[in-house]
Each structure stands twice: as structure tokens, then as C-alpha cells.
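Take a look at the structures listed below.
Two complexes follow with subunit A in common, the first pairing it with subunit B and the second with subunit C.
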Partner chain A sequence: MFYDDIQFGTRMITLMAAGMLVTQLLIVGQRLLPTSIRLFSLQSFLLACLANTVAYFNHARHIYIAAFLTLLLKVIVMPLFLNRIVKRTSETTEVQSYLNTPVSILICGGLTLIGYMVAHPFIKPHQRGHSTLAVATALFLMGFFLMMNRRKAISQVLGLLTAENGLFLAAISLTYGMPLIVELGIFFDVLIAVMIFGILVYRISEIFDSLDTSKLRRLRG
Partner chain B sequence: MKSWLLQAALQMVLALLLSPLVSGFIRKLKANLQNRRGPGLLQPYHDLFKLIRKGTVVSEHASWLFRVTPYIAFLAALMVSLMIPMVTALVPLSFFGGVLAVVYLLALGRFFVALAALDTASAFGGMGSSREMTISAIAEPAMMLSIFTVAITAGSTNLGWMVQAALQHQERFLSPSHILAFVAMFIVLIAETGRLPVDNPATHLELTMIHEAMILEYSGHYLALIEWGAALKQLVLMTLLVNIFFPIGVGARFSLASVVVGLAAYLGKLFLLASAVALVETSNAKLRLFRVPDFLAVGFILAALALASTFIF
Partner chain C sequence: MNSESIIIFCFQACLCSYLGGAILSLVLDRWQKAANLIGFSCAVLGGLVGCVASILVLNRSIFPSLLVWPFQMPLFTFSIHLDALAGFFVLVISLLGLAISIYSLGYAAQYYGIKNVGALGAFYNLLLLSNTLVFCAGNAVFFLITWEMMSLFAYLLVSFEHEQPKTRQAGILFFIMSHIGTGCLAIGFLLLFKAAGTFNFGSFHRIGPQLSSLELNAAFLLFLAGFGVKAGIIPLHIWLPEAHPVAPTNVSALMSGVLIKSGIYGLARVLFDFLGTPPVWWGVTVLLLGSVSALLGVLYALVEHDLKRLLAFHSIENIGIILMGLGSSLVFLSFDHPVLAALALIAGLYHTINHACFKGLLFLGAGSVLHATRTRNMEDLGGLIKKMPGTAFFFLLGSVAISGLPPLNGFISEWLTYQSLLQGFGSTEKLLRLIFPITGALLALTAALAAACFVKALGITFLALPRSRQAEQAHESSGSMQAGMALLALACVFLGLFPMIFLPMLDSATQQLVGQSISSQLIAADGWLLTALGVEKGSISTLGMVSLFLVLLPLPVALRLVFSRQAKHELGETWDCGLDQLTPQMEYTATAYSKPLRMIFRAIYRPRRQVQADFEVSRYFTKSIRFETHIEPTFEKLLYRPLNRAILRLSRRIRWVQIGSLNAYLFYIFLTLLALLLWEKVY
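Our next item is the complex of A and B:
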């Protein structure tokens, strides 16, 4: 059957990785916070599907668990949580960034190319899913760029989460999954981090009446 | 020769008849998504028929340019619709040129519409053409880059050959660069057909209008030609999207069986794409005019990345 064909699997993996790259670029170009959160949810969904495909073709049963956790936490729980924070705190739902959209998109295009260049020496011709490492590196770099570029705390959290998506993508495409205990640890870590960020965001908005992190400079005595 | 003529005639009739239906379908679906009943599917045909029968009013300050433009815009769109693979991969006017001719014929029609809008010296017309040109200055390169991405994989800029190559080497297509190019092309489709985040097709006389502002002075059969030309252009862009990126079902030869299969596949793919367009239109608010270049810049960068990544793999 065609779904047992390893070629077909490779193509599906590459496709989904490309979809993740597209959603990441759209997040960078997006100005509305709720839409960015929805895009992040979509990206995580693609990641979960990709992890499932990798698990199916490499008979790695523990990746199924990681994929399920991704689906549960990153597709459903975290976007809900982030949306609640947005509803409770922010005066506007618009993300504010330091650079304007065309410049940020241009920079992200450059970062993607850097991702491809960095990944190039690792590509062996026979290796499966060879472009996923490039996409993962690009996601990672763009996540960091989002964290630096955004003014508001929530969108910085979103940047961190997309960078983590890139990390997970690199892990499953290179090693076909880390040991389950490591992955569980990472998931727990991210979940706790988001919770703590949530509380922090509440505190920032209470004290400064804004989520603009550049206003935190006022702390200097 | 005979089958060539038959094929050209059939494709022309199909394009002429199908293009208002696609507009009507998007309008209907949009209305249903917004809990309205909306006009019937055949409303665009009624509109065109009504407009053709009506008399035209032409400003006394208008020159010959104003009268010629509707014919040029309509004929350019009609020519382009004969230069793209619709139901079979055989293109009637393939000797005329490939992708570049398609892009530039569309640009020719747009150029004349913009000129005619300036011709009557109404304030709205000038505003409309300046906006249209601003948008197309970014949308056009994005469209060229994303089509070139496919052309490089296929090794030809002839649209018929591009589809043939895609049918033969399915594994070379649907790569990351094609996904990027597809999304870029979709953004171009939204911008070029005046769909919602860029322009609102449902309103007349709104300060933010783009396409409607340009054709405000037209009436009667001139307006019918321009509207029909716009519908043809929309069909052309949608056909490019569905047939070049997903050439499944496109007939390789001109025979009855392949035409029937090709037609069914073509209509199905158009249905999906039109639904996607209606969904995007319903779920997005109109962008502020100065934000439109940002939106198009996303498309441009996606297309540039797509082209760059074909060389990296």
C-alpha cells in the first residue's frame, strides 16, 4: 500500500515541515495576537502529525506518546491558556514590534536561508527527511527573533514556544526521538514555563498597566 | 488542426461561462457563512445580461482611451484564459508564449484600466489607479517568483509542459518550495482579485475601495465587459493555482475520456479553492490601506524563499 511506502512517508514529513515554516512566517507577519495564537496552534498540530508519521515509519512507539502530548498541550491547552491571558490583561490585541512587518519578514527570510546553510553539512544524501533539520533550525532562529522583536510579554512567550517547536522537530527528525523520560521532562518544563509566564504577565500588567516589556526599565532606581 | 480549433473553442466557452459562476459561488458561500441567504448562484449572469442591454453614459471629457479600454481588458483576459491549461494539459495558444506572456497580458489589461480611470479626471478614478498600481507593484513580482519556482522544477516556462512534467514526475513536486510558492500565490490571488483583506468586492462607494474606484465611471455594456474581464482574470489565477500546483486529474491528451475526467477534477479543485477564498474573506477584516503592502510583503518573501530553496535542495 502507498502508506507503507517509505518514499511517501518522507514526502509527507517534508510537506508538514514546510507547512510549519509557512505558519511561522505568517506568525511573524501577523499583527493580531489571537490570530497568532491560532497559527501557533496550527503549527503545533502539524508538528504532532509529523511526529506521528515519524513514529509510524520508524516503529518508535514512544514518539506516539510525545505526539499525543504535543496535541494535548500545545494544540489545545496552551492556546486556551494564552487566549485567557490575552482576554484578561491586554488593552489592545495588537502585537507591537520594534521593527515593522516588511523588515521583520525580510530578516526571517534571511534566517531561513541561514537555517538551510547551517543544516547543509549534516545532510547525507540517503538520509530521510533531510530538509526537516533546516526547517527546524529556521524555526528556532525565528522564534528567538520573535522574542527579541516583540514588545509585549505574551507575544514573547509565543516566540519561545515556536522556538521550542523547532527544537522538538530537530529532535525527532535527527534522532527519531529522544528517550521518553527526556521528552516528558521537556514537556513538563515548557508547561511550567508557560504557567509561570502567565503569572508574570498578570503581575506586569497589574503593576505597569501595560504588557510592554520595554517599560520594565522604570524599575531602575 | 480541426481538433485544435475545437479545443480552443471549447476552452473559450468554458472560461466565459464558468467565470461568472465562480464569482457567484464565492458570493453565495460568503453570504451563507454570514447567516445570510445571499443572491442566487446565477446572479452574476443576470447582472451581465442586464448591463449588456442597458445604454452607456460616457463623460464628455473622456477620450478614445475610455472607450477602448473595456475591450482591451476583456480581450486580454480572454486571451490569457486560452493560454493556460484548464481541463487538459494541451494549451490552445501555447505557441503564443508561456508564463511571461500570461503575466504581461494581465498587466496590459490592468494598465489600460488604470489609464482609463485617470482619463475622466474624477477624483475617485485617480485614487483607485494609484492604489491598484501600488498593490500590483508588489503582487506581480511575487506571482512571477512563485510561478518560476514551478517552472524551474519543470524545466520550462511553457504552462502546458509544466503540467505535463508535473504529471510525469509527481515526486519532484509538492516539495517545501512548492508549498511556499503556493501560499505566496494564494496571497497574490487575494490581492489581484480584490478580495477582502485587501479590497472589499461587495461595496460601491467606500473611501477605501480600489477596483471599484477605477471603474466607477463605467456603465452599460462597457461595465459588463470590465466585470466579465475581472471574473475571467479571477478564473485564470485560480486555474493557475489549482492546475500548476496540484495537476491531479488534468488530461494529458485531448480525448473524450480525459476531458470528462479532467473537467470533473478541475471543477472539484476550483470548488475547494473558491471555498477557501470565501472562508478567508469571511474570517478576515479589511486591512488598513497602508498595511496592505505588509500583507503582500509576506507573499513576496514567501515566493523569494521558495525560489531560493529550489536551488538549495
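Our next item is the complex of A and C:
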């Protein structure tokens, strides 16, 4: 059957990684916060599918657990949580960035190139889904760029989450999954980070009447 | 059960009881008495089994290190090893810990209801635990972790009475200094790691030749600075006289006795075990630093009137003496005289355990005085010998020992140090030949000044009349406090009278570090005589002196009975120049006592004095005189303050990096990340 063919698996993995890259670019270009959150949810869904595929073709059973957790936390729980924060605090649902969209997209293109350059020495042609590491690096760099470029705290959280998606992708594409305990640790970490960010966001909006983190400048000693 | 498994069991029991003591103290901190009793009893138990384990280790004729506890963590394999050098230092800490813990049972009682006794007990136990682990860490990373833990718990204990701003300042100074030291150590170990490829101490053994000479010398200087901060080598000593006085006394005794010795341990481990045959200038540097520390330490102690600060400066002096031993041992090693190197090393190590005993004893004595009178200022004390005879006796014993007077232990190790310096004169050449007699003379001066200083400390504190109401109302300290002091006094006497029992225990340590065991050459005439490698080169017998003294003791009594039977005796009051009675104002003060020395060493002290007289009507009718004298804190003024200012100026200059914008900070991280990724690509 075609779903036992390793060639098919490789293509599927590459396809889904490409999908993640595209969603990331869309998030960078997106101006509305709720849509960005939905795009993140989609990206995480692709990641979960990719993890499942890797688990299936490499008979690595513990990746199923990681995939399931991704599905539960990143596709469902965190987007809901972020949406709720947006609703509670929203003055405007528009993301505000320092650089305009075309420039941002151009920079992200550059970052993707850097990702491929950096990942090149690690790629072995016979390895399945060999460009996923490059994609992962690019995702990570773009997530970082997102955090840097956005003014609002929530969209910075979103940047952090996409960067974490990139890390997870790198982990499963390189080693077919880290030890389960490490993965669980990372999940827990990110979950806590998002919770704390949520609380922090409330506080920021209460005190500064805005979610614009550039106003935190006043805290400088 | 063979001896190895007994050692391992005892040592594990020692570590466990420290840990157990820490946990139980914290659990019981509501019931302060129970916390005190159980916490410090656990420490007593730990000290006891630690002593047993380390003595057994030192008595083994073979010395491959014993693996006590291997444990695996991701990335690193940590292990606890006991070899001869570690065993020796574990003996020092266990012996001192045992005595101080007994003392603490009574000492901590003063904190009931005022401070958290449970926390004191817990931190105390943890300090003992981490310090013991420092001595037997078998891996550089683990060593640094325990080293930092030790500094952290010491910091917490130093700032235990944190209500006083001075205590907080001292704690922070200690913290900063020890962090600078740890930074140096980390770089040093990374240099060794570069050559060895692992962090295991086993693989560092004699690794020096694999490093380039630049790296080797850099490693030496880094380790010297890093361990020197903890040991309190001048000019890195400034934390010592600040931190020791403000800590609770049992802690200052522990810090002065053992914590600063961890610097000596590190130097011995690194210089002898890791870096291989040293260049001549290393040994000379250590020797000269030691001499300077010894002399300046005792000079600063002489003009100090705070009892605990005085003792802290004496710690600097004694560390200097220990370093003189280590330094001359290094010089002998580079000239390929392993037997002399072993002699000098033995002198250094012997002084290490001696200093732990008598300095611990003196600190405990000072603690009893502080406990009874609530003041550390000697000018307010006096006459305590009548109120606290036991404490006074133990303080006297400690003073005799630290002044290097026979027959106590300080004498033995200083004698050994002299002997190695003198024999260095005979076995080196040219300019170097001069260094040995000069440092020997400095050591002699140091010992004499130390004796003068303790005449002052003992005389002003314990003799004559009380100078304040607190001193008048002093009371003898409790039984457990006296028991702790008695134990250390006994150790001083034992180490002084029976070096021939103790010296063979150092054999395996010198065998490990310089490849020679020479205790059989040091002992002559069936153990009665201590020689410097041969009777003709110099010999001494403290046991003989004491026996002679005991034999001759009845003689003057008998002579008096024989010859002065007819003489008339009359007991009277102390002569008071015809005044009504003697008052404390007529007493010699500590300031006055040290005045001649202040004048002789004016170039070093740079004293400033201020006399201000209030008078009525005419200058000849003075109402009151205010007299103030200060000595200049040379190192603070010439070294640390300019350094401090330079750092502040630099930080102000790079302050603009802190813009206050989250995005900018993220941008910094991002740029660094990109730069690292691309750098990896290019190279």
C-alpha cells in the first residue's frame, strides 16, 4: 500500500514542513490578532500531523504522546486561552509592529535562507525529510523576529510559541524525538510560560492601560 | 568487613548525618530547643564518624583514591573520592566540626526566641556538608558546584544577624569577593579541560606539560587568585576582617578554621597534583606572598581592638605561614629535591591542622567572652579571669599555641617551617639563596609579633580590673561550650606533644603529592626526638621538654622550703601609689600597649591621630580630652577604591545598552544568535 512506502512518508513530511513555513510567513504578514492565533493553531496542527507521520514511519511510539500533547495544548488549549485574553483586554485587535509588512516578509525570506545555510552541513541526502531541519531553524528565527518586531505582549507570546514549534520540529526531525521526559519538560515549560505571560499581560494592561510593551521603558532604573 | 568498606560506610554516615541534621533543623524550627539539640547533635555525630573515616584513610599504607559515591547525572558523571590529601582535610574539618558543634549546643541557646535557631542549625550543617564535599569532589564541575554551595551557605551564616547594616555589608563583600574567586577558578579549570578533554580530576593528574607555557602560567595565576581569595592571601584578604567579626562565633570559628583552608586545599591539589613540575618563579611567588601575608596580617592584628577582628587578622597571618611551607615545597620540587619538598609540605599541612585547632579554640573563647559580656571591644573588657576561669585557661592555651611557643602544636609546625627554609638556603643557589634566610627572618619576626599580640589580647581581656559594667557582670559559659573548647585544647596539646604519632599519617599525602614519604626520617630516638631529616641538622623534643619540666618542677619548691624557712612573708594589697584604691582608669589600655609598635611600623600603618581638648577658662584647666587614632587601610585605599571607581565609571559608560525596551533586548539576543550561527558556518 502507498502508506507503507517510505518515499511517500518523506514527501508527506516535507509537505507538512513546508506548510508550517507558509503559515509562519502568513503570521508575519497578518495584521489581525485573532487571525494570527488561528494561523498558529493551524501551524501546530500541521506539526502534530508531522510528528504522527514521523512516529508511524520510524516506529517511535513515544512521539505519538508528544503529538497528542501538541494537538491538545497548542491546537486547542493555548489558542482558546490567547483568544480569551484578547477579548478581555482588547482595545484593538490589530497587531502593531515596528516594521511594515513587506519589509518584514523580506527579512523573513532572508532568515529562511540563513536557516538553510546553517542546516546544510547536517543534512544527509539519504535521511528522510531532510529539509525539515532547515525549516525548523527558519521557523525558530522567524518566531524570534516576530517577538522582536511586535509591540504588543500577546503577539510576542505568539512569536515565542511559533519559535517553540520550530524547536520541536528540529527535535523530531533530527533525532526522531528526544527522550519523552525531555519533551514533556519542554511542554510543561511552555505551558507555564504562556500562563505567566497571560497573567503578566493582564497586569500590564491594568497598569499601563495598554499592551504596548514599549511603555515598559518607564520601568528602567 | 574489610577496612575499605568501613571507611566508605563511615564517610557516607558522616555526609548523611550532616544532611539529616540540616533537614531535621528545618523541620523542627518551631521547637527551637529541639532544633538546636537535634541539629547540632547530628553535626557532632557527623564530625565523629568523619574523624574515624579520615584517620582510617590516612593510616592506609596504599593510597589509590577510594570511590565513595559515584552518581550519574545527564552530561556529567560526578563522584566523591577520598584520597590521602582529601582525607587529611576531611580530618581537619571533622575534628574542628566536632568541637564547634558541641560548643554550638550551648552557644545557640542565646538565640532562642530572637532568631531562627532552626535556620542556623540547617545552614551550619549544610556548610559542613558542602565543605566536606569540596575536599573530596572528583570532578571539576562538581567541585565548582560544591565550592559555590559552600560560599553560599557561608554567606547566609555571615549575614545571620542581618538586622545590623554592618553585617549585611560584610556579607555582600564576602559574596562578591568569593564570586570573583570562583570566576578565576572556572576559567582555570576550563584551561585544564582543554588539555584533558574531560572534567575528571583523575585525568588532570600531571597535565601541566600538555599546556602551552602561556596557558600554564595563566592557569597558575588564575588558580592562585581564585583560591587566594578564599584563603585570604594579602591583598585579596579584605573580606576576612569584615566577615569574621559579624558572623555568629561558631560560624566564624568554622570559617577561620576550615573554610579558608579550602583555598589551601585547592592550591595543594592544583599545584602539586595537576600542574606537574613547577617553574621556579611559582614557588617563589607563593613563598613571598606567604611571607607578606604573615607579616602584614600580624601587624594589622596588633593595632586591632576588636577581639574577633584581631583573630581574623591572625588567620591571614597563619595562612601566610602555611603558604610559606607550600611555596618552599614548590621551589624544592622545581630544583628536584623531593625529600626537602616533602618536609616543607609537611610543615605547611601540619600548620594547617594546627591553625584549625588553635584558631578554632581562640574563636570559641572569644565567643564565650562575647556571649558573657555582649561586647567585642577589648577596651571594655578586663578582669574576666576571675569570672570565667575556664574560658581564660583555654584562651591562654590557644594563645601559647598560636604564638608558636613550645610545647604546644604551633611550635612544632613553625619549627618545621623554619627548618625547611634554613635547609633551602643550603640547597639553592645565587639570588634565590637569599630569599630563604629573608623569609625565615620574616617568619621569626611574625612569630614574635604574634606573641606580643596575644600578650595584649589575653592581658587586656582577662587580667586586671573590669573596664565596664558588662565585664563586671560576666559569667562563665555553659558546660557544652567549655567542653567544645576543652576538646580543641586537648587536640592542641596532643599535636604539640606527640608529633611522632601524627606525622606518619601525613606520609600518604606527601607520597601522593611529591612522591616521598619521610616521616621515618623525621622521628628519631624511638619517637622522643623530632629531627629535620637527621639529628645533626637540628632536632627538638617537646615531650622531652615537658618531661624535664615535670621532673624539675619540685626542685624550686624544695629549694624554697630548704632556704627560705626563716624569711618573713606578708601578703598585702597591690601598691596603688598611695591613692585610695585602684580603678580601671589606671589600667594599661590596648591602644597604649600597641603604641610603640604603631610608631616603629609607621611607614606601614600611616597612623592619623586627633587630639581635641575641651577646657574652661584657660588651656591649663582641661575638662575632657578626646583622642582618636586611625591607621590607614592601605589596600582599600590604594587598590580597591580605585578599582571600584573604575568599574562604576565603565558601567556608566555602557549603561546605554539598557534601553528599557523589551524589543531591543530581544534584538540583542537575536543578533547574538545569528552571529553565532553564522560564525559556526564560516569557521
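The rule is short, and it goes like this: the second predicted complex is superposed on the first by the 219 of 221 C-alpha atoms of A that agree within 3 Å, B and C clash if a C-alpha of one lies under 4 Å from a C-alpha of the other, contacts with A are read in each partner's own complex, and residues count from 1 in each chain.
Operating definition for what follows: contacts are C-beta pairs under 8 Å (C-beta built on N, C-alpha and C of every residue); 3 or more make two chains touch, one makes a residue touch a chain.
Keep in mind that this is a model prediction, so the values were computed, not measured.
Q: State whether A:S131 touches subunit B only (first), subunit C only (second), both chains, or neither.
A: Once the two structures are laid over each other on A, A:S131 reaches subunit B alone.
Q: For A:I65 in the superposed arrangement: first (subunit B), second (subunit C), both or neither?
A: neither
Q: One more residue to check, A:L21. First (subunit B), second (subunit C), both or neither?
A: Touch status of A:L21: first partner only.
Q: Applying the document's definition of touch, where does A:Y116 land relative to subunit B and subunit C: first, second, both, or neither?
A: Touch partner of A:Y116: subunit B, not subunit C.
Q: Would you sort A:Q156 into first (subunit B), second (subunit C), both or neither based on which partner it touches?
A: In the superposition, A:Q156 touches subunit C alone.
Q: So in the superposed three-chain picture, is A:G29 touching just subunit B, just subunit C, both, or none of them (first/second/both/neither)?
A: So A:G29 only meets subunit B here.
Q: Touching A:M148 in the superposition: subunit B (first), subunit C (second), both, neither?
A: second
Q: Considering only the touch criterion stated at the top, classify A:R11 as touching first (subunit B), second (subunit C), both, or neither.
A: Touch partner of A:R11: subunit B, not subunit C.
Q: Which chain makes contact with more of the residues of subunit A, subunit B or else subunit C?
A: Counting residues of subunit A touched by each partner, the higher count goes to B.
Q: Which stretch or stretches of subunit C touch subunit A in the complex?
A: By the definition above, subunit C touches subunit A via 658-663, 666-667, 669-670, 673-674, 677-678, 680-681.
Q: For the complex, give me every residue of subunit B touching subunit A.
A: Counting only subunit B, the residues touching subunit A are 171, 174-177, 179-180, 183, 291, 293-295, 297-298, 301-302, 304-305, 308-309, 312-313.
Q: Can you check the complex and tell me which residues of subunit A touch subunit B?
A: On the subunit A side, the touching residues are 7, 11, 14-15, 17-19, 21-22, 25-26, 29, 31, 100-102, 105-106, 108-109, 112-113, 116, 120, 131, 134-135.
Q: Which subunit A residues qualify as touching subunit C in the complex?
A: Residues of subunit A touching subunit C: 98, 114, 117-118, 137, 141, 144-145, 147-151, 156, 213-214, 216-220.
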